[in-house]
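Before anything else, here is the set of structures, which you'll find just below.
Look for chain A in each of the two complexes below; its partner is chain B in the first and chain C in the second.
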Partner chain A sequence: MKATMQSLIKILLTMIFALLIGAIFILIIGENPLEAYVALVRGAFNGKLKIGTTLASFTPLLLTSCAFAVAAKAGAFNVGVEGEVFLGGITAAYIGINWTFLPKPILLVACFAGAIIVAALWAWIPAVLKVYYRVSEVCVTILMNSVALYITSYLVSGPMSAGVANAQSLPVTVNLTQFMKPSSVNTGLFVAIAVVVLVTLVLYKTTIGYKIRSVGTNPNFSEYVGISPKKSLIQAMMLSGALGGIAGCIEVLGVHGYFLNNFATGLGSNGMLASLIVKNNMVFAPFMAFFLAMLKSGAMGMQQSTGVPKSLVDTITAVFIIVATMELLFKFGNKKPRRGGGTPPGKTANADIETQTRTGVNLPSAKTTGTPTHNEGEVTT
Partner chain B sequence: MNFSKIFNTSLIYATFRSATPIIYAALCAAITQQADILNIGTEGIMLTGAFAAVTVSYLTGSWILGVLTAMAAGFLMSMIMAVGHIRYKAEICAIGMGINMFAIAITKFLLNSVLGKSGTFSEPEIQAIPRVSLPFLTKVKFLNELFNNWCITEWFVIVLIIAIWFIFYKTVWGLRLRAVGQFPAAAQTAGINVNAMKYQAIAISGLIGGLAGAHLSLGYSKMFTENMTNARGFMGVAAMYFGSGHPILTAVGCLVFGFSDSIGARLQAYGVPSQLVLLMPYVVVIVTLAISMASKLAREKKRKSSLA
Partner chain C sequence: MDAYVIEMENIVKTFGEVKAITDGQFTLKEGEIHSLIGENGAGKSTMMKSLYGMYDIDSGIIKIRGDLMGHITPKIAIEKGIGMVHQEFMLVNDLTVLENIILGFEPKKGITIDFEKARGSIGQYIDQYKMDIQLNKKINQISVGEAQRVEIIKILTRGANVIILDEPTAVLTPQETKQLFKILKNLKADGKSIVFISHKLNEVMEISDRISVMRQSKYIGTVNKNETSQSELAKMMIGREVFLNIEKASAKTGETVLDVKDVWVSGEKEISKIKGVSLQVKAGEIVGLAGIDGNGQSELIEAITGLREVEKGEILLEGKNITGKSPGKIRSIGLTHIPEDRNVRGLNRTMSIEDNLAAAKIEDVQFSKWALIKKKAIHKYAVGLADTFDIRPRNPQSLTAALSGGNAQKVVVAREVAMNGKLLVASQPTRGVDIGAIESIRTILQDVKLKGLGVLLVSADLEEILSLSDRIVVMHEGKISGEAIASETDEEKLGLLMMGGADLSSSKSGGDLD
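Entry: the complex of A and B
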């Protein structure tokens, strides 16, 4: 519990620090920081429409942050969630437009299934390149984001175009119900929450999840006890991709109703931020995703009622992430590394990988927040 | 399709021209790679440099000041990364991505609030980096097409590649740098200050990254657009992997990417959809990277088996 508290305090301090730096920027351009922040919060929560908008932008972030965290648990740095969102979206749109011979409920399931399959396969490519050829997944996934963006952009301005001025597809024939009109929040929110809970359970309560976490913490050890690091990493990446695909599907079916060119820009990177800030902690990540969603949807209100451009919010989140990654900043007291103890998973925040003894069949439960190393089989020194 | 229209002498310069920003980025990544630091922040350093260069060149009317400010901005960004990574033990990929996000956000923010523009900033007052015209070349058409009117930074990149190669492999500093990268504990035992070497490597990388940005916004083009680096920094990192940190091999990798880029631009005239043209360099980068890493792995395996 103590460790949880400590990491919570650390996150809060980081948050305050980032907001302070943001305040300095606001002062520099000659505005009142307090007013701007109040406008930001009002922009996110004042009225049904605004709460709805915040929840609507929370939905994809919840999924993408979870997607990044899952891959990070296996030691992969999956920057490619954005591309997976795009491809999941376009697949859902394709099925939703063309497979009208299916009855509505089955069509809905088909859309999700298609999005999951395509996005998981897309994530499979960098995973395989990483485990078999040691190609940096960071590089490949970033570049694949651009490829995914251009592929979908080509499809909606060419073969799948609706023929209107904007590059977009025809409307899909099946929708997720929007329950807080006029905002675009939809039943996809509940789907997202259910999926994230499910994935967390898989990670912490099943053998597959255990293997994934153990590979992320120490691939050499995992291989020694008979877990294939390659297989687990590929599984984690595909799971991560599938989550991105679901996010894309929800955006297309629930928010827009058609595939809008460029719709997912920023969804993947913001999800990654949410997950990175809390050190890929599956329990904290949703809260951070909500905070970022609040900032994002409040930004417009802030820009309208004060003279602060909404790009300030991106600056604050970027400062947030930079400060949050610095492990030793805001570290209090000398925390002695515990040895070998059976710390329950999910409770320890700053696991010191090197100091863990890993002997015997009765493993200490894998510390949950192993930092993703970029080279497989190499524990950071 | 007319192949002589696509493959002609001007393609050589076009290739080099679109490769230059990537070469700078790749050199920026290569220096830190020799100290075993993956510089994912190349993209962000470059973007800040590009913005600083354009702004200062616009305000002062001097491209030299623009380039110098760009390098200073790159240095500043790299120092955030260095302090975070070395002093506060930030995970390098995470802080690198943080730097990239920060660069995108802060340039956008400053573009909106200081220059009062959104999206693109392109004014006639921006002083571009001048081009070198060599009058004696005009007599020979072939050489003229090939070498005349290069931008100063385009000539400079060749000098830089050779200089960095020399520093890496022929100087004490380079030897120490590589020692730090390959076996930090041994380097420390030999009396090398590992952290100081890492700081120096990241600082130089920041300067080059800033220069990369300045070249992109003042040499390659003459404007600033939001996120104008467009993954060039990451392509540079990919090229660095391709050449495993060796500056000359890395530059060759960049030329491959530049080639695919300029071929694509020409194919567009033949009705190939623009999106497919735009995605081509990325695919080429990924495929080249995969092939080069696979062959490297195979070589390593062979070497190991011949030892046994």
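Entry: the complex of A and C
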């Protein structure tokens, strides 16, 4: 609990710090930062449309941040969520357009199921490559994002094209209800929340989740107690893919009503960002996703009512990453033993005590998975 | 009277609650090769790392050429002419040998590095000491022996006249060792003083002028090479006092539980680190697997427990072939395993005590149903085990990272013993734990045996092997170098077998060697 409180405080401090840096930039532009931030918040929450828009952009981020965190729990760095969103979307679109012989409710379920299966299988590829051939999942997933994007681009410009000027598919015959019109927020929001809650429960209440967390924090231990690290990592990646697929399905059925080319650009990386900032903590990730969604949807309002460009929001998110990374560097500094102090082999006792004192507060599981991910995060975002 | 280059008196060094050195003494004369020997964890490396300034000593006096030293850092040590070759080489893999040697001390030509000058001055050393080094190769392209020579050259170019070598031969082949010894003799002839840390007695006898022995963090004594023998050194090293001698209870041995048949296993860096090992463990007996660390015991254990691939051969557990089976599968047949490093394999330090205790049985109906974890059942189970095995703190929800070495090890032991398997493989079960925990863990091993399990005990601690085992198998360089009945052998005989060079026939029958 104490560790949870501490990380919560850290996240809040990071947030404030990022906003402060943003304020400095606003001052340099010659605007009033307070006004700008008020405008930002009003832009995100003032009125039904604005709240709806914020919620609408929150929905996919919630899922993609969760998707990234799940993979990270098993020690995998899944940059491929975006590709999974695309493929989940196109599958949902295909089923929603063509399987009209199914009654509406079943068709809806079929859309989700199809999206989940295709996206999970897509994530299975890098997982298998990593587990059996030690191919870095980071490289593979980054590359596979382009592949997924081009597959869908091809489909909506060719075989599945609606024949209009835009590259997009025909409208789907089943929709998720938009309940705060004219904003595009839809019942998919509740689906997303339910799914994320369910996934969190799977991670913390079931043997599947136990194994995934165990493998992510100590694969040697897991192997030794009889858990198969390979199997768990593949499971986690597929679960991660499935979440991406659901996000894609919701975007297609709920927001657009058809498959729009390029619709998911940025969803994967922003979800990854939300997850990374909170060190893949399943409880905090949704809040961070919400915060990012708020920044995004409020940015336009800020730009309109003050002279501050909306790209300032990108500055704030960038500062977020930097601060999160800095904190990690700081931790590294503490961890280092005295100069050249390699622990002599055969002296596990010393190592024991030294590490004990250093890991006084230890964010459960996030620590080990967080460490490699952050460094890579810099490169990929 | 000889002038001492190095004098270390009454050194005390503790790491938290672990006493690494309680009474350290060491002197080094100009131009001698002085070996510092002792078992693993006796404090040899710690002594020398203190001299080199890597550790701050708690109390004691260190004098270099008569100057009383206060706080030493590696930088000061280097300035005073001390150089150390560590067990793990401190070289940059992607730089060439030449670049590594001059790193930090580059001769400059304007703003560029004067490689020609560097090559010249290093060439001198290479010729002088007849070292075989290729300056243009990258570190990752050269052999371990060559990398070690690079380390030595590196130290020499920094002006060292005292050279500390921390178990230099542990990573070398016999041929490379010979080559190293030639170099050391050349260095000595040139007036350099050398500290040679080792636990290989034959090497020590070959190379040293004087030998100092440490045992259990204490200085035992210093002898001249000419006035001692391997067996005397072994006696000094291992000691006569026997602690924690558990009254050995003999149980009726039953069927063969573990049958290892001519097994070959690859090591981390070499193929066939284990070359055709066969051994059996019967129900109700403890078989001790002795040997100096790194002679293949770890690889053999990993092969038996399914954590390492077997090249060829067959391993049977309870009559079932477990070669190449997954660790989970082997566990389900009846393997329980206390791994050698609790922080790598034994525990998941980010998880609570109860999650660690239940880890190997999480799929069991006892702890989960339809993949849902029965948190309460696990908690109850953990509370029970914590009581039985006296794990402190008693709160099973605390993280294992917060436990002391002894209690952390008890969590591992509790989990494995409570599995009620058929075979317990206990690898270094008492390494790095306090005396109290050693005692209780040894008693537990004895109880496990009385319950009718077969126990395979691997330990670097000969005294532990002798006091617990019924039969003892000694490994040397990936092979069984001898086997003995525990009651008919002693530390010296085993020590010789561990060095690989003993009269096999006489020790096999447990006959006298002296």
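Rule of thumb we're sticking to: the second predicted complex is superposed on the first by the 324 of 381 C-alpha atoms of A that agree within 3 Å, B and C clash if a C-alpha of one lies under 4 Å from a C-alpha of the other, contacts with A are read in each partner's own complex, and residues count from 1 in each chain.
Just so we're on the same page, a residue touches a chain if its C-beta (ideal position, glycine included) is under 8 Å from a C-beta of that chain, and two chains touch if they have at least 3 such contacts.
From a predicted model like this one, the values you see are computed outputs, not experimental measurements.
Shared-chain residue A:87: touches no atom of chain B or chain C.
By the document's definition of touching, of the two partners only chain B reaches A:154; chain C does not. Of the two partner chains, neither chain B nor chain C is touched by A:196. Touch criterion met: A:208 reaches chain C, while chain B stays clear of it. By the document's definition of touching, of the two partners only chain C reaches A:223; chain B does not. Of all the residues in chain C, the ones that touch chain A in their complex are 15-18, 20, 40-41, 45-46, 49, 54-56, 73-74, 86-88, 90, 293, 305, 307, 326-329, 331-332, 337, 339, 341-351, 355, 359-360, 362-363, 368, 371-373, 375, 399, 401-405, 408, 431-433, 460. Partner chain C is touched in their complex by these residues of chain A: 205-208, 210-211, 213-214, 217-218, 220-228, 338-342, 344-357, 359, 362, 364-365, 367-368. The touching residues of chain B, counted against chain A in their complex, run 38, 40, 80, 84, 87-95, 97-99, 101-102, 104-106, 108-109, 112-114, 184-185, 230-231, 234-235, 237-238, 241, 273, 275-276, 278-279, 282-283, 285-286, 289-290, 293-294, 297.
Every residue of chain A that touches chain B in the complex is listed here, in rising order: 25, 29, 77, 79, 129, 132-136, 138-140, 142-144, 146-147, 150-151, 153-154, 157-158, 269, 272-273, 276, 309, 311-312, 314-315, 317-319, 321-322, 325-329, 371-372, 374, 380-381.
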